[in-house]
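Paired with subunit B in one complex and with subunit C in the other, subunit A is shared by the two complexes that follow.
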Partner chain A sequence: MAIPLSYNVRNLRVRKTTTAMTALGIALTVSVLLAAFALVEGLRSAFEASGHPLHILVTRKGSDSELSSNFNRSVYNDLKFKQGIARDAKGEPLASLEMVTVINLASQEFPEGSNISVRGVTATGLAIREEMKLTQGRWFTPGRREVTVGSSIARRNPDAQMGRMLRFGRGDWEVVGVFDSPQPARNSEILADLNQAAGDFERTEVLSSALIRATDAVTHQALINDLNYDGKLNVQARPEKDYYQQQTSSGDLVRYLGTFVALIMAVGSCFAAMNTMYAAVARRSKEIGTLRVLGFSRRSILLSFLLESLLLSLLGGALGIALVLPLNGLTTGIGSNVTFAEVAFSLRVSPEIMAKGMVFALAMGAFGGLLPAFSAARKQILAALRQV
Partner chain B sequence: MSEVVIQTSKLTKEYVRDEFKVVALRDADLEVRRGEFVALMGPSGSGKSTLLHLTAAMDRPTSGTINVLGSDLNSLSDSSIARWRNRHVGFVFQSFNLIPVLTALENVELPLKLTHLKKGERIQHAATALRLVGLGDRLGHFPRQLSGGEEQRVAIARAIVTDPDILLCDEPTGNLDAKSAREVLALISTLNREHGKTVVMVTHDPHAAHHACKVRYIDKGELLPEGSKPQDWN
Partner chain C sequence: MRFLPLIVKNCLRNRRRSVLTITSLSISLCLLGVMMALYYALFFGGPAKAQARRIVTRHKVSIVFQMPIYYREQIRKVAGVEEVAIWQWYGGVYKDSRDQRNFFPRLGIEAEKLFSVYQDYRIPEDQKRAFLRDPAGCVVGRTLANRFGFHVGDKILIKGDIFPFDLDLTVRGIFETSEGSDETLWFNFKYLENALRNSSRLAAGTFTILARSPEDVPRICRDVDELFANSPAPTKTESEYAFGLSFLSFLGNIKVILMSICGAVTFTILLISANTMAMSVRERVREVGVLKTLGFQARTILWLILAESGLIAIIGGAIGLVVAQLLCVVIRQGPAIVDQTKTLSIQPPVFAALIGVSLFIGVASAIVPAWHASRQNIVDALRFTD
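Coming up: the complex of A and B.
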């Protein structure tokens, strides 16, 4: 049977200063890693929740994003009558011709301004995104320089408030409403009348994309294939959800950097844990000798000290999670590597991320505690008893 | 005549210290019978503690044989020795060696963790041992809350809680005041006389040795024949 756990817990409590310092070192390492993970997880869940499962985004062939796509109005006129496109109550195809561009807008985080997506849409564009609901004001009026902004834009950009004017294109655009969508990526866009926006940006014929809705899931894939293999149209069709998921890679740099920094810190934390445990072994040499005399095996001693190191790291892990928990739900923005515009999202400290942090902390404790535990187990009884 | 429980033959222990060979114990032949109380006396560095440590299998001899309770200690592995020691030997240290973060009861319960007893039984046994040494009212006290004499009595309770055949005591009164020393020696004598424990005690103190039924002297690593003592020993 093992040496009682209370022996380790109380020893950690007795040397509370070193325990606290080591646990804090581990906690900081864990929190750096978890902060990076929380950001990526928030970004991932924002993009994963975006897009309609029956929607297909059509851009010019070879364009990875709507921004770089030159999509002719004539192509739209040809494709909107394709078989498999859903129709509204009036029998009109649910196909929306759209124009996307970016403007510079000051935000609370970036007063000097950051890229914000402006999407020009028609009434079909609003109808096809029926999940979007107005929270303030009204939708823009066709033919007028009016915009309705996403809730994230309204929250983060002081100029994008109801009644204020935004200057882009050829003049000032009045903010007449705020909308909110359960699909987070949509809330980082400004919507305007397609023809008014296209005119302002001199893109009346060459727009960006078309968003179409398939009648059902089976037709969805068939329609994508049909569009992609239609040599006359020369377009690239993909599920709208895939387009958003592709943007999750925007957080890759943060994840790599966060992991890299956390790993460097982890080496330091391992040494700190090792140092603490070596000191514990040295200070408790006589106790180790006594335990051996009482009949505890070398393996029991090894397990006991390893367990103590794991307890220490568990404490550090819990502290690290506690440090990072306030970040949960915090809204921030990141530049999408696809749309080149800012996407607002909330950091997410999920239970899975917390579990990862705990495993990371325990790994540090195990690596840091292994050598001292071996050294404790290898002690000769008499040598251990004689050490002061 | 009762059975021999400890038997050593030409038991030798040598150390290498700073490239010099030091003979701590040379050709020691010792026989201890069941129920005996043997005191090992000798000046500092004479080898008496070495002999005690070898008897408890805390160290391995350089040569010679040692047989305790029928087991040839040289032939046992480290893990077998650990189990054997837990079952058959109780050891009392000069400086008590209690675990400071555990209470008296928990300290005494420690050796029982290696037995098949359940938690409740272990607590019961540990409490009984503590009551036997007169510390029934100190179960929840930590070592720092006890006097030296009380600490040593807890250590004795820990040594006897598994009901070992042999009690090995290394200067058990060395760190105690006279009154506490008398109490501890009386306790060890009681364990020998009334509970039949075989006791081997290393001591400097002739008064302590008086409690033993047999005194063996060690001088310069040599265990002197029964009845003889070093010439300069006073």
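Coming up: the complex of A and C.
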């Protein structure tokens, strides 16, 4: 017969201070792990939500990023009449020639500055990203040194405010508007007129990439194959979604570091839980003896102590989750390993992450509680009863 | 001092508990040690010895923009400059870029200046001469050579992405360095000159300046930037150390991450230790009563318990330090994120801070139970049943 759970709950309550301290130790360990996970999860979901399912990003063959791609205007003129490219209301193909570069911009988090993407686009470039909405001001005017900045940039970089000037290329560029996109990665970019920007950087013929939209999902794959095997164009086409997804690995270092630290801390917390449980076993020697006399089996004793340790870690896990919850939604920036530019994203404490934290906490409880529970179960009735 | 045997005996009273506590303290303190060593090396350590005189000049707007070659001669004239070398990030693809392990920096540099600017590089004289003679030659670092099995005479083909041509290089030498990264491939800048002849793209990506003395560095930085302030390509000049650190923000907000880890670890240790001390004191309330009956003063009892806790914390700290130092050795072997991790070790200030933390943990964790025990009324203490 099993010993009722309420017995364990009461025991934990009697030793309030010890219980609280052990649980808090477990909680901190869990929260370190979860903070790292929340960061990576935020990054993942930001990139996951970015990109259009029908979009194809075309760069020079062999280039993994737009920044390292040299894409000639003539190639664009050849590819924009390919079969399968969607057309706008006026019958023009939805194929946008773009130029990408990075500039150094100071932010509150990194006062020394970090890399920010600047993208030169034409009217087609804005049309193909129809989900972007202006929240302030207006779009840049073609032929002028004006930029419209993404909402993350406007929030994070004090120099990129409405009416301020950014100095790059051959002179000052005025910030005339702020846009917001439901695709988070886009909000970390500065948009400018393609021809003006290309002229400033002396790249009128050699640009970076083309973004095109396929008419439907089937054509999407066919168009990618067509572009990749076109020897004359010598380009690399990939789904825009893949391009963003690939950047999730930018958070790898943080994830490894967080996991490594949490694992080491877990060993420490396990030992602390073990200490607590051993003390509990030692103190309740007589009780264990009494329970045995009453007819509870060794197995019930073992289970009961193990359960108590698990309860303790459950408490710790819940506390740990509560500790990281305030991080949810916190914005930070990380350098993308693909675009060589900073992307801003919000930390995300998702239900899966909370579940992972709970499992981690319970594992600590199980490891910490197993040996003490065994020693409790092994006790001889007479010796246990006699112990003071 | 004469109570030392008593303190030691008290530590050994419950061996299993002491061992568990010391182990968990040492594990946590070792982690704290490594994190603090990293933090110190990155933000307080200053430049490695070999790089103390090196300065890097790049385009002010961003490192991806280039500067005219002729800047070299103008920088050369700045007082205190011993040598200026142009180097260029080539990028490119080796084998298959989808596999991250195939990534390593490929940099074009004026061959004759490589070893005068990077004076910590060691290379056999004949290999050095062969590299200087071959416009399509390259030298690779020892770690890189081991990783890919490069030998002198091997061909390396790198496909161009940023540049519209491929590199077809011959390994002319393998260099070693103890302080910086040796995972770089340096090729002869002449290769770029030949391939980009008459092209506007032949430009300088970055200049490395060697100052005559470390004291000249801040002034040279100012002078160089002033020189080009109103030109079409303004520059940003900083010590190589600062230049390396500027890439750190790329990995995320390292400062905040390291700080919060240190904080969480310290607090966890405090909890573990406090928990043990509370348990161990609670067990011996009656004994404290006996000691008091024998004439021990409250103050002595307070000290006895504090010393016991301090002893446990110090032992845990010492073991943690040794393990942390060993971990630093392991990190030094790993890939260099920045040059500083190549010489990572527990520096004296970090050592002192760790001892301080250990002592603090020892005292802070025992102060409440020790205070209560020493204040206990003799009769209550003797009557106490656990």
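FYI, the second predicted complex is superposed on the first by the 388 of 388 C-alpha atoms of A that agree within 3 Å, B and C clash if a C-alpha of one lies under 4 Å from a C-alpha of the other, contacts with A are read in each partner's own complex, and residues count from 1 in each chain.
We take it that a contact is a pair of C-beta atoms (placed from the backbone, for glycine too) under 8 Å apart; a residue touches a chain by one contact, two chains touch by 3 or more.
Please read all numbers here as calculations on a predicted model, not as lab measurements.
Contacts of A:49 after superposition: neither subunit B nor subunit C is touched. Taking subunit A as the reference, the larger set of touched residues comes from C, when subunit B and subunit C are compared. Contact with subunit B, but none with subunit C, is seen for A:293 once the two complexes are overlaid on the shared chain.
Using the contact criterion defined above for the overlaid structures, shared-chain residue A:303 touches neither subunit B nor subunit C, since it reaches no partner. In the superposition on chain A, A:269 makes contact with subunit C only, while subunit B stays out of contact range. Once the two complexes are laid over each other on the shared chain, residue contacts for A:278 go to subunit C alone; subunit B is not touched. In the superposed model, A:106 lies in contact with neither subunit B nor subunit C. For subunit C in complex with subunit A, the residues that touch the partner chain are 16-17, 20-21, 23-25, 27-28, 30-31, 35, 60-65, 91, 93, 97, 100, 159-162, 164, 200, 232, 236, 246, 249-253, 257, 260-261, 264-265, 267-269, 271-272, 274-276, 278-279, 337, 386. Interface residues of subunit B facing subunit A in the complex, by the touch rule stated above, are 53, 56, 58-59, 78-79, 82-83, 85-87, 91, 93, 97, 99-102, 106, 110-111, 113-114, 158.
Those residues of subunit A that touch subunit C in the shared complex are 17-18, 21-22, 24-25, 28-29, 31-32, 35, 39, 60, 62-64, 67-70, 101-104, 109-110, 112-115, 167-170, 201-202, 249, 251, 253-254, 257, 261, 264-265, 267-272, 274-276, 278-279, 283, 332-335, 340, 342. Interface residues of subunit A, counted against subunit B in their complex, comprise 1-4, 6-7, 10-11, 13-14, 286-287, 289-299, 380-382, 385.
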